[in-house]
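The data blocks that follow each hold one structure.
You will see chain A twice below: alongside chain B first, and alongside chain C after that.
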Partner chain A sequence: MDKLLEIRDLHTSFFTHVGEVKAVRGVNIDLYQGEAIGIVGESGCGKSVTSLSIMGLVPSPGKVIKGEIYFNGEDLLKKSEKEMQKIRGNKIAMIFQDPMTSLNPVYTIGDQLMEPLRTHKNMDKNAAREKAIGLLKEVRIPDPERRLKQYPHEFSGGMRQRVMIAMALSCQPELIIADEPTTALDVTIQAQILELMKELKEKFNTSIMLITHDLGIVADLCSRIVVMYAGIIVEEGSVRDIFYNPKHPYTWGLLKSIPKVNMTSKERLVPIEGQPPDLLKPPEGCPFMPRCRYAMRICEQQCPGLYSVSGRHKAACWLLDPRAPAVEWDREGVSFK
Partner chain B sequence: MSSQKDVLVEVKDLKKYFPVRGGLIKEKRQVLKAVDGVSFDIYRGETLGLVGESGCGKTTVGRTILKLYPPTDGRIIFDGDDITELNDRQMRSYRKRMQIIFQDPYASLNPRMTVGDIIAESIDIHKIAYGEERKAMIYDLLSKVGLSREHANRYPHEFSGGQRQRIGIARALAVNPDFIVCDEPISALDVSIQAQVVNLLEDLQDEMNLTYLFIAHDLSMVKHISDRVGVMYLGKIVEMAESSELYSKPLHPYTQALLSAIPVPDPDTMEQRERIILKGDVPTPINPPSGCRFRTRCPIAREICAEQEPEMKDYGGGHMAACHFIE
Partner chain C sequence: MGRYIIHRVISMVLTIFFIVTITFFLMHAIPGGPFTREKPLPEAIIKALNEKYKLDDPVWKQYLDYWKDLFRGDLGPSFQLKHRSVNELISLGFPITARLGLVSIIFTLLLGVPMGIISALRQGKWEDYTTMFLATLGVTIPSFVLATVLIYLFGVVWKVFPVMSSKLTRPIEYVMPVVALSGYSLSFIARLVRSSMLDVIKQDYIRTARAKGLSELKVIYKHALKNAVIPVVTYLGPLAAGLLTGSFVIEKLFSIPGMGGYFVNSVSNRDYTMIMGSTIFYSVLLVIMNFIVDIVYVLVDPRIKLVNVKEG
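Right after this comes the complex of A and B.
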């Protein structure tokens, strides 16, 4: 497998009137061809900012201040806006969270679907229309010829998200970044969209970077997970590593705070007490320390690096240091049915 | 808890229609049937969960029970008294006993009021306490929901989503209610914060003997918190049962599809599980399908479903469902 995307030591900050908010603080991610990776974490952990940094779409007053993002071996951060425009929507496509606001209400679905085809692939109008109809069929929108002439308000939420997926697929990108693609949708519609994304991934061998806070969706679609907290990666590994052998107390907390579907008695949930740190003044030590039940003195003083657990499974926690006391993860906490 | 079977809220064939202006020519008035004949009981001290997809009418049910919307038809009986026809003034004494926690902790708190005044608003309206006593009540409520005294003089924007939801809970508790409608109280919160708020709601329920109607679309959280769960589809309840019963033996094809659609955070289960993928979208409640409303998306629908509306039947132990094809 070839490495498609390589993020090295990415730092992105927002320069607000109250100071510098360090949203992403040194993130490294590798993504291979045909792989689906899930980036999970709570709001404000930097998962969306990471994806916007890849696309070169970090909104002002945000800025990438350090790092490299290699896509097919080329550093995207060194590219001009014009060069980026040739990549966006063409080689890397993005599906946004809110299908209600990410389509332009004054253009027809057809116009919006044909736009990337005409700009990136130099298709003439008829060829683009043919292709657009094919794409709508691909995402299973009935009666595509008629639908092409309609406006976004005539589509339901699930249908709009299908259109977004069709648009993302239109130029056969090598990478699709999906930022909470199903959060705004109902469960049964979410199931439809996830099924569709899985199918399309198999068919076109597209790599997917899925950004979400829902661990269930990741378990469904992805093979690898990156867990982010307060702008850094706290744990990464295969889906099985993260769900069956998690090593970071934050991952434990996440897994324990969701109810188990097979729970028969009224078991109490185990929340993570407290709140994430303020990224205006990120702590010197481990950012999870104030909420961690296993915090030691070192955790306050120094942020741990990523310890290798096995293969590509890594976690940033001092508990993994050979000198630390042994803490066992209670597997009962993540048995689901 | 629910073993006493003492009914606090009784809803009988409740209907709520909203008028909609149809098309460009305003002559043709249409009706949106948000809630179209819903009946259930809520027992004292229990949590009744109400789930369904957006537009199924679950929020409207909650608000109509509190008479925030005037009901179109049906009866609402609260603690033995029929409150359906009461006017606003007559409702006042009941409002002290029934409260609501809203979904969006950002929009449901007045940004120009201090937290103390927000919490005490109903204390003031109902003239429950003044001066030092009022202040003591605010402090007591704040500590009940896990906030501190100093928070009373601050404004909502200084708080995170989870904290705001705690303020919303404190406001609901201020009048010492019996019954609280929780309208998606955790949907806007992060996973780790959701568990904090759910635990708080559970503790308060034990402490103050509260009865909840818990409205949500997150099925696993509803299962966790509820004693019984009702499933809604297009303005109707299609199934209702004890929560463990509903999740282990769903009878209605819609409930089955809904449960199979929850993504489970467990890779092994996900691999083995058979998913029922429903076709299409929820039809509009302005012109719902004839007969069984679920038939347009139902994998087992036949002719009878279009002709005849299935009745709600008891399949043992209070497990109710409305479908023609349940053995």
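Right after this comes the complex of A and C.
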């Protein structure tokens, strides 16, 4: 398998009037062709900023300040805006969180769906229209000929997200970045959209980077998981590694906060107490230390590097150091599919 | 849509009916008449004039008579300018005012919208500050001050543009009156477009458009602009009516023989028929403009549907 995407030591900051907010602080991610990777973490952990950095769409006053992002061996950060425009929507497409606001209200679905085709594939109007109808069929929107002429407000949330997926697929990109694609949808629609994404991934062999705060939805679609916290990667590994043998206390917390099917009404979800650190002045030591039950003195002084657990399973926690006391993760409180 | 238009037309007719009625009775309720002078005219002459123009009849009869004439499209004779009918005066004055107004509308939109866009896209940069400084000046300086300054500087001192624009036959005669007349609306539109553009470029669908790989120009020109001009459309109705009917002050300062002068003079002269005539003319224009704007609204924003309130 070839590496499709290779992020090396990515640093992205926002230069606000109160100072530099270090949103992403040295992230390394590899993504192979046809692979689906899940990036998990709570709001503000830098997962969305990482994805926007790949696209070259970090909103002002944000800026990538360091690192490399290789896509098919070429560094995207060295590309000009013109060259990036040829990649966006064409080689790398994106699906956003809120389908209610991600489509332009004053243009028809057809118009917006045909845009990438006409821009990147130089299709004429009729060819693009045919292709757009095909795409709507692909994402299972009934009556595509009629739907093409309608405006976004005539679609439900789930239907709009299907349109967004169709739009992302239109130029058959090598990579689709889905930023919380199901968060704004209700649960039954969530499942449908995930099912659809899984099916289309297999059909077109597209690589997917799924960004979410919900570990539950990753397991189904992705083969690997990266857990981010406060702008850094705290743990990464296969779905199996993360669910059955998690090593970072933050991952433990995330797993415990997923509701179980067989939970009784007396049982409570266990939240992770506290707040993530202020990235205006990130802590010297481990950023999770103030919220960690197992924190040691070293955790306050120095940020741990990634320890290799087994194969590609790595975690950034001092507990993995041979000198640390042994802490075992109990499996209670986690449900598996 | 068809039903909506029928309803609108009915309500437009009703509006005009009330305007005519209220204006007519208000006008007659004010003491004095068209032939009241500081130095009174001889009894006999006033009597003859009142008889000629049927001003001795009871007001309700005059009112009904007025409607009879109105249905024939006759706005009656002017009481002040002898041997001239109101229809004639309007057809004489309005084309000049309308020409000036039309040029002003085009000038306002062609300059105001781009000014707003540039200032929004360059927010916090010198382009933004310059534009907004000018726009603030434009909103705060009254048109007669602007006109006077223009006349003095460009007309008298530097002699670039003619001071007397009179009949507006040459393009150069338009420059100063148009600038003076549209100063306010232009600045208003620039500010309106700027704030709505600033709002629009933060929207998710703009990010979607960028993520599709569209050029920045296309993102702005196609995806942002159409959304950003929606508030402008709302302002377009009163703007068009205001500029088309012109400004008495501007017309006076540039000695343009337009509608504005007739209207103001008719009120101070108690020229009953002229007051009625220009009021009706203005109201019809305003009502039609608002109607057109509502239709344009639907064309710009597909989320708006023209339905009657009862239908929901």
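As a working rule, the second predicted complex is superposed on the first by the 330 of 337 C-alpha atoms of A that agree within 3 Å, B and C clash if a C-alpha of one lies under 4 Å from a C-alpha of the other, contacts with A are read in each partner's own complex, and residues count from 1 in each chain.
Keep in mind that, in the parts below, a residue touches a chain if its C-beta (ideal position, glycine included) is under 8 Å from a C-beta of that chain, and two chains touch if they have at least 3 such contacts.
Nothing here was measured: the structure is a model prediction, and the numbers come from that model.
When chain B and chain C are set side by side, the one touching more residues of chain A is B. Once the two complexes are laid over each other on the shared chain, residue contacts for A:81 go to chain C alone; chain B is not touched. When the two complexes are overlaid on their common chain A, residue A:119 makes contact with chain C while staying clear of chain B. In the superposition on chain A, no contact is made by A:279 with either chain B or chain C. By the document's definition of touching, neither partner reaches A:225: not chain B, not chain C.
No residue of chain A contacts both chain B in one complex and chain C in the other. Chain A contributes residues 42-43, 156, 158-159, 186-192, 194-195, 213-220, 239-240, 243-244, 253-255, 257-261, 263-264, 266, 268-273, 275, 334-337 to its touches with chain B in the complex. The touching residues of chain A, when paired with chain C in their complex, are 55, 57, 59, 81, 84-90, 93-94, 96, 98, 101-108, 115-116, 119-120, 151, 153, 164, 167.
Here chain C touches chain A in the complex through residues 203-205, 207-216, 223, 226-227, 230, 300-303, going by the rule given at the top. Within the complex, the chain B residues that touch chain A are 53-54, 160, 162, 190-196, 198-199, 202, 217, 219-221, 223-224, 244, 247, 257-258, 260-267, 269-270, 275, 277-278, 281-282.
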